[in-house]
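Each of the two complexes below includes chain A, the first together with chain B, the second together with chain C.
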Partner chain A sequence: MKRAYDLAIIGAGPAGISAALAAAASGARIALLDDNPVAGGQIWRDGPQVRLPALARRLRAELAAQANVDCFAATRVVALAGPRGLLLEDEQRGWRLDYARLILCTGARELLLPFPGWTLPGVSGAGGLQALLHGGLPVHGERVVIAGSGPLLLACAASARRHGARVQRIAEQAAWSTLARFAAGLPRWPGKLWQSLRLLDPAYRGASHVIAALGRERLEGVRLRQGGQIVELECERLACGFGLVANTEIAQALGCALRDDAIAVNDWQATACDGIYAAGECTGCGGSELALLEGSIAGYAAVDEHARAQALWPQRQRWQRFAEALRTSFALDPALRHLAAADTLVCRCEDVPYAALAGHAGWHAAKLASRCGMGACQGRVCGAAARTLFGWSRPAPRPPFTPARIATLLELDDEQEPPCAP
Partner chain B sequence: MNARRCADVIVVGAGIVGAACARALAQRGLEVQVLDDYRGGATAAGMGHLLVLDDNPAELALSAYSLQCWRDWAPRLPAGCAYRNNGTLWLAADAEELALAAAKQQRLSTHGLDCELLGAAALRAAEPALRADLHGALKVGGDGIVYAPNVVDWLLAHEHIRRCRAQVVELDGAAVRLADGRRLAAGAVVLATGIDAGALCPELPLTPKKGQLLITDRYPREIRHTLVELGYVKSAHQATGPSVACNIQPRPTGQLLIGSSRQFGSRDPGIDGTLLARMLKRAVHYVPGLATLNAIRCWSGLRAASPDGQPLLGPHPHRPGLWLALGHEGLGITTAPGSAELLAAQLCDERPPLPVAPFLPQRLLPEAADA
Partner chain C sequence: MPELYIDGQRISVAAGTSVAAALALAGDGCSRSALNGTRRAPLCGMGVCQECRVSIDGQRRLACQTPCRDGMRVETRR
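The block that comes next holds the complex of A and B.
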């Protein structure tokens, strides 16, 4: 099966939804693709326990009302197929989509850094815990420690409390002085004043980071460095948010240039490749407000409504400054690169410990020798960790971008079979 | 060249062939310096299928001798080398191919190799995942599989071998110049850089034959032998256009490694989707259940092919001090042990274990190079 669209948008988080809505008025035929069962991205992940914000509900309703936008949920991009084509897979089948223009809103994933005990049941990413809570994970009465860096920790703590968990500690690695500067600047951005107040949370500590997750069969406690002191807290859950990694695999395969480990775009949200735009966290992490604006600009630009796109530049600039404040305030302490012990697993798919990677010349050599990154996650987790730990460069992505059925890959043969002999 | 003598022999290239040569020389008591730029080549990309091929007597002799070496090494190989003596099944889709299988059995048996002709029923019993209408197969019992990158590390772990990351930019007899300007000399230089050798030695008649591979996720083991269609030989020998053949290898991890394809002239490392799909179509044709398995990775590599399909093993006829061990096309991992013995025997003036004439570089380099 093959379908053609004027515009394809990969990713239906805030940026993708906003891009689709901006472009829809033009009448262009639009395909909005997302690998989750429903639109919303990571920040508006839906589920049985979820009451989405009003804005998310409004945007989803608007999206549903667009006759010229086809939404394909639970649909993954497997490979490029021809010069302006994508190979897709959903639960039932593999199929191909041709586009004239493309907007990448592929978002970001959590950076998971290895430390002793991080593979124990009960330990997750901060975003991972939020997703589990949205999915209905019961945590009522459980003791939770949240560690890492950035506003995601506070959002995670709020979610955990809403679900009845007892948040024992929010350990932010940034120094108090940096946090105070960041908080003092927050009122410059609408809706962010409350965030500065959350820093007064009694469980919140600056200059603190995780050293080890403790426990035998599952998590029983956590060891933290708080300023100059080592403390141990008992808990049932530990959620770590060390930051986000832009999902750039598809962009790289298309030949789009990267900048600071994210997709490089110009004022129109256009990438280095003709007709291909990018918006949201995949162009650098800045939060949903920035993603919505970037999405709109990309959506307008992709249907040549340049005046409407340009009208949003000043607003975008304001939120770019917020993104910049986030980046400088929550830059990772180099100490976090040295948490892993020799036997700490870095690659969970293939059970590869830190010692098997250290000392190699680069990712390729380490992978060949240790099988690191050869598992089903395709190095998404351990590759990003290894880049942070060892400074290795990012490998060129190859299809399939996500595990895909062999039957799906058969669709890549688009040439006519030679006629059979009678 | 004002070069510092660093060893008895410098081996350029730490793929499986370079590593095997270094080992064979070190075992003869020579001090060996191995230089490699870690860019990775066919050893990292290949399937690691250890198989006897018999398109001509020289290939049969070298591959059969090498397989025996692999079986001798087997007990000493670390677990990470993933050696298995699982055998190859050459699949016959029709009566004509079954006749080919019988002829192949004749040739291999004459050479003293363990092989057995399976009829349709025996084949179904051996590999129930195969399509039911095949006519039979030739089972070659001595064939195996290996994870070659870790074999390289094992081969190079020897007291007489030093390994160093360095890019060689110029060859000068028994000396080399490195990218950082240093010059190193030895009694001999062995060039074992596969398809990349052309940059240092442009007169070598090597052409790239690109191959693509795919590996699945882990599944309960249903396939035990390496499955190759007899049409593989036809496809591998096609002179020009791209070709594909069914080659399915069960890895010890429970994954299936699926090949194979050949493309001429391309050095683009990217995956050709159309060719990948056609290759997979062949595999699914033989093992229909593959269609529902998840693929997790694809990659490509370049085979270094010589005009007559045989490797170049021996002295460079016009560059005294330079020795060649390259041009193995798709058989480098299989024939690395035999290639190394042939090279080391010549270099040390010993009697070689096999006739060396079919592999001498001078057969392909008859005239003096411009250099």
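The block that comes next holds the complex of A and C.
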């Protein structure tokens, strides 16, 4: 099967939805793709006990009302298919989509860093726990420790409490002085004042980070460094995330340039590749307010409505300053590079320990020698971790970008181009 | 309330529950065994890390991105 659209948008989080709505008025035929079962991205992830914010519900309703926008949920991009085509896979089939223009709204994933015990059941990402809670994960009465860095830790704590968990500690690695500066600046952005008040949470500690997850078959406790002290807390769950990593794999395969490990864009949200735009966290992390604005600008620009795009630049600039405050306030303590022990697995797919990676000249050499990054996640977790631990450049993606069925790959059969980058 | 089977055990869950959550509702929450034999559970919750891959009606699927449906047969990977 093959379909053609004027505009394809990859990712249906705030940026993707906003891009689709901005572009829809032009009458262009638009495809909005997402690998999750419903639109909303991570921040507006739906589930059995979730009450989405009014804005999310309104945007989803508007989206559903657009006759010229086709939404494809549970659909993954497997490979590029020709110069303006994508190979896709959903639950039933593999199929091809051709586009004239493309907007990448691929979002971000969590930076997950290895520490002793992090493979134990009961340990997840911080955004990871939040996502699992939205899906109905039961945590009622459980003791939960949240650790890592960034405002996501507070959001995770709030979700866990709402689901009946007892939050024992929120361990933020950033120093108190930096956090105080960040909190003092928050009232500059509408709606962010409450976030600074949440820093007063009695469980919250600055200058604190995880040292080890403890337990035999599953998590039983956590060892933390809290300022100058080492403390141990018993718990059933540890949610640990060290900030966000932009999802740039598809952009890299398309040949788009990166800047600071995110997709580089100009004022129009245009990438270095003709006809390809990017918006939201994949261009640098700044929260949903910025993502919505960037999405609108990209959507308007992609259908040549430049005046409407340009009208949003001042608002975007305001939220870009918030993004910058986030980035500087939650910069990672170099001590976090040394959490893993020699036998701590860094690559969880291929069970490759830290000792097998340390000492190599770069990612490629380490991969050839150890199989790190050659498993199911294709280095999305360990490649980002190795970038932080060793400063190695992040692995270039190779198709298929995600595990796929053979039948899907055969969709490329009638074409001359193999499923690889131009 | 969809009713499904997890490693042969019947469980009914609230509509919209993910298979990843159902693994924890039905048992120890684990999804697969690692190469070294230890058990693993969902990690990233958003379709990236692949730790939650399970077999659903004979197909490899990510538990965190799959909503439970009536009659599903989920097998964790030993």
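Throughout what follows, the second predicted complex is superposed on the first by the 413 of 422 C-alpha atoms of A that agree within 3 Å, B and C clash if a C-alpha of one lies under 4 Å from a C-alpha of the other, contacts with A are read in each partner's own complex, and residues count from 1 in each chain.
The rule is simple: a residue touches a chain if its C-beta (ideal position, glycine included) is under 8 Å from a C-beta of that chain, and two chains touch if they have at least 3 such contacts.
No experiment lies behind these values; they were computed from the predicted model shown.
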Per the contact definition in the header, classify A:A272: touching chain B only (first), chain C only (second), both, or neither.
neither
Thinking of the overlay built on chain A, is A:D35 touched by chain B (first), by chain C (second), by both, or by neither?
second
Could you figure out whether chain B or chain C reaches more residues of chain A?
C
Figure out whether A:D351 sits in contact with chain B (first) or chain C (second), or with both, or with neither.
second
Mind working out whether A:G128 is in touch with chain B, chain C, both or neither, as first, second, both or neither?
second
First (chain B), second (chain C), both or neither touched by A:G375:
both
By the touch definition at the top of the document, which applies to A:P403: first (chain B), second (chain C), both, or neither?
both
Answer with first, second, both or neither: which of chain B and chain C does A:A79 touch in the superposed model?
first
Using the superposition described at the top, list the residues of chain A that contact chain B and also contact chain C.
375-376, 403
Interfacial residue positions of chain A with respect to chain B in the complex
79-82, 87, 361-362, 364-365, 368-369, 374-376, 378, 396, 398-400, 403-407, 409-415
Touching residues (chain side chain C, partner chain A) in the complex
13-18, 20-22, 24-25, 28-30, 34-36, 38-51, 53, 59-60, 64-67
Given the complex with chain C, which residues does chain A contribute to the contact?
35-37, 42, 46-50, 74, 91, 109-110, 112, 119, 121-125, 127-132, 135-138, 217-218, 348-351, 375-377, 380-381, 403
Under the stated contact criterion, what part of chain B meets chain A in this complex?
38, 40, 44, 149-150, 153, 165, 214-218, 258, 269-271, 273-274, 276-278, 280-281, 283-284, 290-299
